[in-house]
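Next up is a structure, given as structure tokens.
Order of writing sets the labels: A, B, C and D. Residues in every chain begin at 1.
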Amino acid sequence: MTTFSDVEFVVRTIAQTAVDNEKYFGDLDSVVGDGDFGYSLARGFEIVLKDWDSYDRTDVSTFLSKIAIAITGRIGGTSGPIWGTAFLRAAATVKGHSEVSGDDVVPMLRAAIAGIMARGGAELGEKTLLDALSPVADTIEESIAAGDSSERIVSAAAATARRAADATTPMVARRGRAAYTGERSIGSPDAGAVAVAVILEALASRWGNRTA
Amino acid sequence: MKKIVNDPQRFVPEMLEGLALANPDTLRYVPEYNLIMRTDAPRDDKVSIVQGSGSGHEPAHVMAVGKGMLDAACPGDVFAAPPMDYVYETTKLVNSSKGVLLLVNNYTGDRMAFDMAQEMSLADGVTVKTLFIDDDVAVQDSTWTVGRRGVAGNFFVIKAVGAASEAGADLDEVVRIGEKVNSVTRTMGLALTACTPPAKGSPLFELGDDEIEIGVGIHGEPGRRRAKIMPGNELVDTLLEPVVNDLPFESGDRVALMINGLGGTPISELYLAYGHAHKQLAERGITVARSYVGEYCTSLDMAGFSVTLVRLDDEIEGLLAAPAEIGMRIF
Amino acid sequence: MKKIVNDPQRFVPEMLEGLALANPDTLRYVPEYNLIMRTDAPRDDKVSIVQGSGSGHEPAHVMAVGKGMLDAACPGDVFAAPPMDYVYETTKLVNSSKGVLLLVNNYTGDRMAFDMAQEMSLADGVTVKTLFIDDDVAVQDSTWTVGRRGVAGNFFVIKAVGAASEAGADLDEVVRIGEKVNSVTRTMGLALTACTPPAKGSPLFELGDDEIEIGVGIHGEPGRRRAKIMPGNELVDTLLEPVVNDLPFESGDRVALMINGLGGTPISELYLAYGHAHKQLAERGITVARSYVGEYCTSLDMAGFSVTLVRLDDEIEGLLAAPAEIGMRIF
Amino acid sequence: MTTFSDVEFVVRTIAQTAVDNEKYFGDLDSVVGDGDFGYSLARGFEIVLKDWDSYDRTDVSTFLSKIAIAITGRIGGTSGPIWGTAFLRAAATVKGHSEVSGDDVVPMLRAAIAGIMARGGAELGEKTLLDALSPVADTIEESIAAGDSSERIVSAAAATARRAADATTPMVARRGRAAYTGERSIGSPDAGAVAVAVILEALASRWGNRTA
């Protein structure tokens, strides 16, 4: 069900969305952060797009590792280690698999989440992108268990991500630069969580037309 | 946005190229890893000192590279910690048989990049230690756990460890000195205006015509609270009070006093602030033995300033007084 | 207005007091005449060098007082030449048996105050000469007769005459050197924003969000023309071109290159400008032998910069390289 | 006809007007100058007001000399030497006179004008306060010759000063800082000339109520 080309489609959509939303993501980060989140992601992922054909595609794990190295090498700030770790952990989950399937998706996502937590020390509810990623993993798990089509799974995940991102608005930031402003972080959503929602919405809207 | 900038993405590399061209005998720019290093680094008779951090704080840290200060600075893009690969490569480039000390201002992104880079360097057999600087008292009572931020006080840590390493101290000794200086250094800043990162092209936050932001960080992060503009002496008191009370600094102490400009405030105003701070300290029985007025750690073009105090003893005072020569210079 | 200021009328005295408090061993503040002088001045083994000018150009000139530079600076209020009495009293205070040299940036008000003060001092038997600095190429083809303005290039004149007088040169020799340096120094500046004098409390002129002012003076006087903001390299070319062509500087020349910030522009941007200017000069076969990047002569909080070139020969280069120690310092 | 108290009244009105118009005169100077004209005048003349009773009043010449010294000692910029010279020259004109009369006014004014010209090198038509002062001297001369009352003389002088100040608007500045802007100085009046007009209008409006 999940093929190599689905993995490529997901990675490419993440990269394209990051590049397309440079300004928007930056503006979100400037409300209580330092405004560089959009710039950082875009600089990393534009390299992914530029060198797209060059990444070793021996297997999914190798491919995702190469992507991880490419973005950690270029993305600075908090996002470099965070996003790089996420890709590395997802890659490690399917190491040695010649094929990946829909059943690998949730373990990969959970591994990415655990990696981010280990790297940055954040827990759920501290107003970071984890607050969008974690509910998304739950939704996908449920949707797969319910036997949903991949279209339905992705669109359910996108809806959850958006709701979860919105739900970060009333939270007090306890991680990242936004935490320095304490109570003043209340009232605007977390930039990372919104980015997760925007990416999943992009995946959902393009899923039907993905090249197999 | 009105700035001296071409392509915002080339802002940092073009600045570094200019810095190296202005100091051909002493500084080398390594474009692959976006770093500035001394032409004579690494030297096996001294611990190599490296500071990494986001850019936008100039003269910190690329203009603090030179004899008696840093051996290399490894800056990321504006306000973004450097990618860990750059830190890793920098560590290898300045690897000395006496070891490498990485100085890091305490922020999540920087911590992670340096932790990862240190792990990779250690695996390669490079002797490397990391020292986190966290002098900002503005954020002490907050709810997150990464702890205080590192701000302008990092100048004193750099100066002291730079002098110690120049004098031949070994890595443990250099670390001891750096931790000691950090432990007696306290800073707090305020912004009169927001700053404009070249890639964003507009101010990071909005401040009213009569508003200031107290406890601001050096990345344009808003501070802890807003207030109305007040007379200069009160601005100074607003910062000096929490700084003095934090360590606390007490009657009989000898201190270094720094009034650091955040980038857009003229030095005339900084000296006015200095005068008041000096007199306020004298009234508390605190003696200013060394004074620092100017830009040391900025936030791009932000108007505003920070106040830093360092409690001196003979050891620290001697290290601060040792000669040094850096890219940021007058003559 | 958001500035570090108490009573705007006390802005200059409070700044000077801060400067003296920060440099107790080397500088003395004389409130009666609003002046800063070296604690060891006058010295009978050297010509005393004095610069007077309006305030608001800091570090010029009060922070350029010290060994190898000025013996005293006699500033007026912000952008106003000092009252002639102050100049006269300053001259008497630093009177040395080798004489006094008054350095004056060439403006009507300054010329008149110094002419009058010189007459009064001469009548008192003080040996005093005056040297007018006029490095600004922006105003060369104008219709008035007071001539070019003196701007950031005055740093080089001060440095050279300071070094010569420290080496024991007599007054005529010091004047010869100052005139020589002035004659091979050329500057032009541009503003990205207007500046705000504390006593006025609002910007001196209005510039649109995308407008710059080319050929601006250091007193917030508007320049010769307005233009739209352009990429950093073009900003540099806009200034470098007329500066190079004025002397003219030619292939084979060795020069000092200064990128001077006008007060509100961060040093990161100045280094970016430096890099481009350095490369442009190299393309013309002009070698930058000495580089100066930072704030030397500002216009309060104005964003913008000026480009100065000095044609070097062995004599000038030696004088610029001589050691000096001033209030504007880093360590 | 002109008594010591008239001289005192004139000096005091000049001083008061300079202090009252600090901001206005500064704004005029900031159009093409450096904005400090109001500040400079005010700092000098506020001392005159503060120390008013202390000036040696042996005779008019001594009194005016003391005023000159007080303001040159405090006013910086171009205005210190210019205004100081004007007062000094006016004082010199009546040196040794135990009394001054209306007949001394024009010679004093002409001497002040000549002093300003010598000090600053300006000619008429170069857009400075001379372009107001000189026509004022002419008007007073004519008005005295016509046998006008002092009220009429002063109000005629004020009207001339205002017309003359307005007439500086189309001029190109050739002196002072405004000259650096060349053609761009066209379109706004000279700050110094307007100050002369404002001072004369103040004299005219208070002349009837002056304490003898």
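Please note the rule applied: a contact is a pair of C-beta atoms (placed from the backbone, for glycine too) under 8 Å apart; a residue touches a chain by one contact, two chains touch by 3 or more.
By chain, UniProt protein names: A, D = Dihydroxyacetone kinase subunit L; B, C = Dihydroxyacetone kinase subunit DhaK.
For clarity, every value in this text was computed on a predicted model and none was experimentally measured.
Any chain bridging subunit B and subunit D, meaning touching each of them, is among C; the list is complete.
Considering the contact criterion stated above, the chains in touch with subunit A and with subunit C alike are B. Averaged C-alpha coordinates put the centre of subunit B at 29 Å from the centre of subunit C.
If you average the CA atoms of subunit A and of subunit D, the two centres end up 75 Å from each other. In terms of their C-alpha centroids, the spacing between subunit C and subunit D amounts to 32 Å.
If you sketch which chains touch which, the chains link end to end in a single open path, with no loop closing it.
On subunit B, the positions that touch subunit A within their shared complex are 9, 54, 76-85, 107-109, 112-113, 116, 138-139, 142-146, 149, 197, 199-200, 204-205, 217, 219-224. Against subunit C, the residues of subunit D that register as touching in their complex are 26-27, 30-36, 39-40, 43, 72-82, 84, 119-121, 126, 172-182, 184. Subunit C makes touch with subunit B in their complex at residues 1-6, 11, 14-19, 21-23, 55-56, 58-59, 63, 159, 192-193, 209-210, 212, 229, 231-233, 235-236, 263-276, 278-279, 288, 291-295, 298, 300-301, 303, 305, 320, 323-324, 326, 328-331.
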